[in-house]
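Inspection log for the structure reproduced underneath, given as structure tokens.
Chain naming follows the written order as A, B, C, D and E, and within any one chain the residues start at number 1.
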């Protein structure tokens, strides 16, 4: 019984690993005050979904979806998830870079990239009426 | 093959936890780069060479450079 | 960044990186690779040049206005390729039926518009990476 | 307290997700629901329909080319967004750069 | 044959405008206005002409590259998508014209081409999201939309803007990753990304893998809930919408959040299906969130002093109305929701634009400083009043009609207690809009000289859009059948 449970886990290890990474990434985003850490957390969340997609497309004993001249035998892995993830990776990079550019600008304005410190400065500013 | 897959997944989770845990942002970024590389190897193992190549170039290469460029312009340590 | 060794080594290896990037882009429809990784490799070669020779030299090599034209031009090329399909009486982004030459299986010049689109993506990704890096390291003049 | 609540919530999410994953066929089995006629269509008809060998490249630049157009636009958006946050108005950048470019 | 491609042209017009803008112009030139205005009008015309083909209730599909659906990407053009894309493009055009002068107030000159580039990219993404019938394509357009909507907040480069925008980016990305996870769960059990094909497969999938479908619904609803700012997940909205430049606020509040609601609606009704929703009891759950948003958004708005923050919190409440109409899942409810989408876009647009005009001229943002504003800027304050009356639901304005039909739908759906909440929410709306108006027009203490300037001295590009919106609010309030005839045809596409 216990043994078969572990076999189940081992057979679905990529799926469960993706779930773990999703949760770890979400935890990193929510708990950390540092913006760079938050962005790393978001990247981990994104790659977890990509891992899930690629694992869905995998087939045992299959060759990569690149055909060779003449020979078309044998199973191939599902090419659709790979194609989706290629797009997804680039989208992830775009979001990361835009977030980082805002981190640079925030550092120039506040001198720190910790959310709680910035909120403290903002609150002390709030006491004086703002324009 | 399944054993290698298992080891890589465990390594990924450990990398993710470590990247969240370390206080040095530069280390976190380097750990994240190694995470991306391991992810690329895992995808190569899952027979998706296109995705692996893209992740190695984009995720481990360009993203890391951008992270380091930003850390060099901001601060290195997390408080 | 005044390191002679880094400069000499990068001057030697940058052409090889670029050739590899072009190879990956051009063979996108035949072997693993394609526009995204190839463009990222090409972009990384310019980023390496910038790291070795400084931001000033890097932005002279690919100036801001050049990369602006490359970025818009790549997507405009993509859209133009798509509009050829409409002009031929088919849907947007139609390949074979719109009269693109299919070539011989396995050649670089085959598969209709797929190589054109791959090159457009490669140029787009490369110029984007260069612009982003140059913008990120561009400090405000004090 | 807040952190404990968060850990419990995320742990619950992990358990639910893992439970649903275990119901699926094992990784790499051919009777996976996603390995259906659409995946087969891509593999079988790529050469006939587009005369290229790399199926993934064919999908991103032909079958689902609109996704790729959108994705190139995402990159363009990222550049515009980063420039809108970081671009510095150089005093007279155009003239100087052009001279350097030609010289 | 030509009309078949009109939706594609309507999609490409903003994209091409966005691409050539940074190349050809540098800020304050006449050329920029010609390109931007021309492209916006062109997109509106294309959207209007493509609506003509579907007015009779025809539905047609557009296959990109002639590939069969499932293999390729498919657009579905029906009366809902073509009419909503017309609404989006039309209101954006009004806001774009307004932005010509207003944005020079907030931005340095070298950033202005990028601002319009981002707005056109946003238009591209919104139109694409409305038309597409493919899950992953939806995700790609959604990412363009979320990047641009963050970028038009952060372009002002003040500390508040950057913080609000980064918060928006973080939460929005968590939302989109959740949605992608939901899509992965659906793909995992079906192997299909086309919404129509998924809907056909859904009964079988529900038999064999109900837990996956449930988790997928959870992820997708959470993601769209964050992005559309449904009540408990709304925390990013007030910061982002209030600190953004005025045209951005009008677009974000008036249009962007609704696009996410449309996408959620497509997934709920067209993919998952009403039967499964009823079986799970999802409706009551959604109604509760919507209702709490209607109350809490207004309660938060009462305590605010910044005029744009009041309007931003008011959006949270109004999203509750739309979500309520959607979650009733009845033809009457959907009809009311669609009417309110249009009405709210016009009213919130008019409110933000007139508030922006007052900030533009006087520099005052605090509602306590608005005394006598009705004498100083009578035109803007009148537009503001029309918008506010619409929000409160005074008969004769568009907001009343949508509340009336929502009330009928609620009674029809067998939840009479919600009627009380609609009334309470209207009362709360009145509690924070009326004091502003009363203070502006009835000021006994202040010695106010009526403005001698015609239309408050605003340039034509600013007052004409405001006037058009105000006229349309009144027109829809008096002749609701103009819009009802069209929205009445939409619910059967979803149910």
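Just so it is clear, a contact is a pair of C-beta atoms (placed from the backbone, for glycine too) under 8 Å apart; a residue touches a chain by one contact, two chains touch by 3 or more.
Remember, it's a predicted structure, so these values are computed and weren't measured experimentally.
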| task | Indicate the lowest number of steps between subunit A and subunit E, counting one step per move to a touching chain. | result | 1
| Considering B-D alongside B-C, which chain pair is linked by more C-beta pairs in contact? | B-C
| Chain centre separation (subunit B, subunit E; CA means) in Å | 38
| Euclidean distance of C-alpha centroids - subunit D vs subunit E, Å | 26
| field | Approximate Å spacing (C-alpha centroids) for the pair subunit C, subunit D | value | 18
| task | Report the inter-chain centroid distance for subunit A and subunit D in whole angstrom, where each centroid is the mean of the CA atoms. | result | 11
| Multi-chain contact sites of subunit D, meaning residues that touch two or more partners | 17, 24, 32, 34-35, 38-39, 42, 47, 53-54, 56-57, 60, 62, 64-68, 70-71, 73-78, 81-83, 85-87
| message | Quick check on subunit A: which residues sit in contact with 2+ other chains? | response | 13-14, 20, 22, 26-27, 55-59, 64-66, 69, 78, 80-82, 84, 86-87, 89-91, 93-95, 97-98, 100-105
| remark: Within subunit E, the set of residues that touch 2 or more other chains is 15, 19, 22, 64-65, 136, 140, 143, 147, 150-151, 154, 157, 162, 187-188, 191
| What pairs of chains are touching here? | A-B, A-C, A-D, A-E, B-C, B-D, C-D, C-E, D-E
| message | Help me check something: in the complex, which residues belonging to subunit A touch subunit D? | response | 8-9, 11-16, 19-20, 22-23, 26-27, 30-31, 55-61, 65-69, 72, 75-76, 78-84, 86-87, 90-91, 93-95, 97-98, 101-102, 104-105
| query | Can you list the subunit B residues touching subunit C in their complex? | reply | 49-50, 53-54, 56-58, 61-62, 65-66, 69-70, 73
| query | So in the complex, which bits of subunit D are touching subunit A? | reply | 3, 6-7, 10-11, 13-14, 17-18, 21-22, 24, 26-30, 32, 34-35, 38-39, 42-43, 46-47, 53-56, 59-60, 64, 67-68, 70-71, 74-75, 77-78, 81-82, 85-86
| remark: The residues of subunit E that touch subunit D in their complex are 15, 18-19, 22, 64-65, 67, 70-73, 108-111, 114-115, 117-118, 121, 124-125, 128, 136-137, 140-141, 143-144, 147-148, 150-151, 154-155, 157, 162, 185, 187-192, 209, 211-212, 215
| query | Across the complex, what residues on subunit A touch subunit B? | reply | 10, 13-14, 17, 20-21, 24-25, 27-28, 32-34, 36-37, 39-41, 43-44, 47, 50-51, 54-55, 57-59, 62-66, 77, 81-82, 85-86, 89-90, 92-93, 96-97, 100, 103-104, 107, 112-114, 117
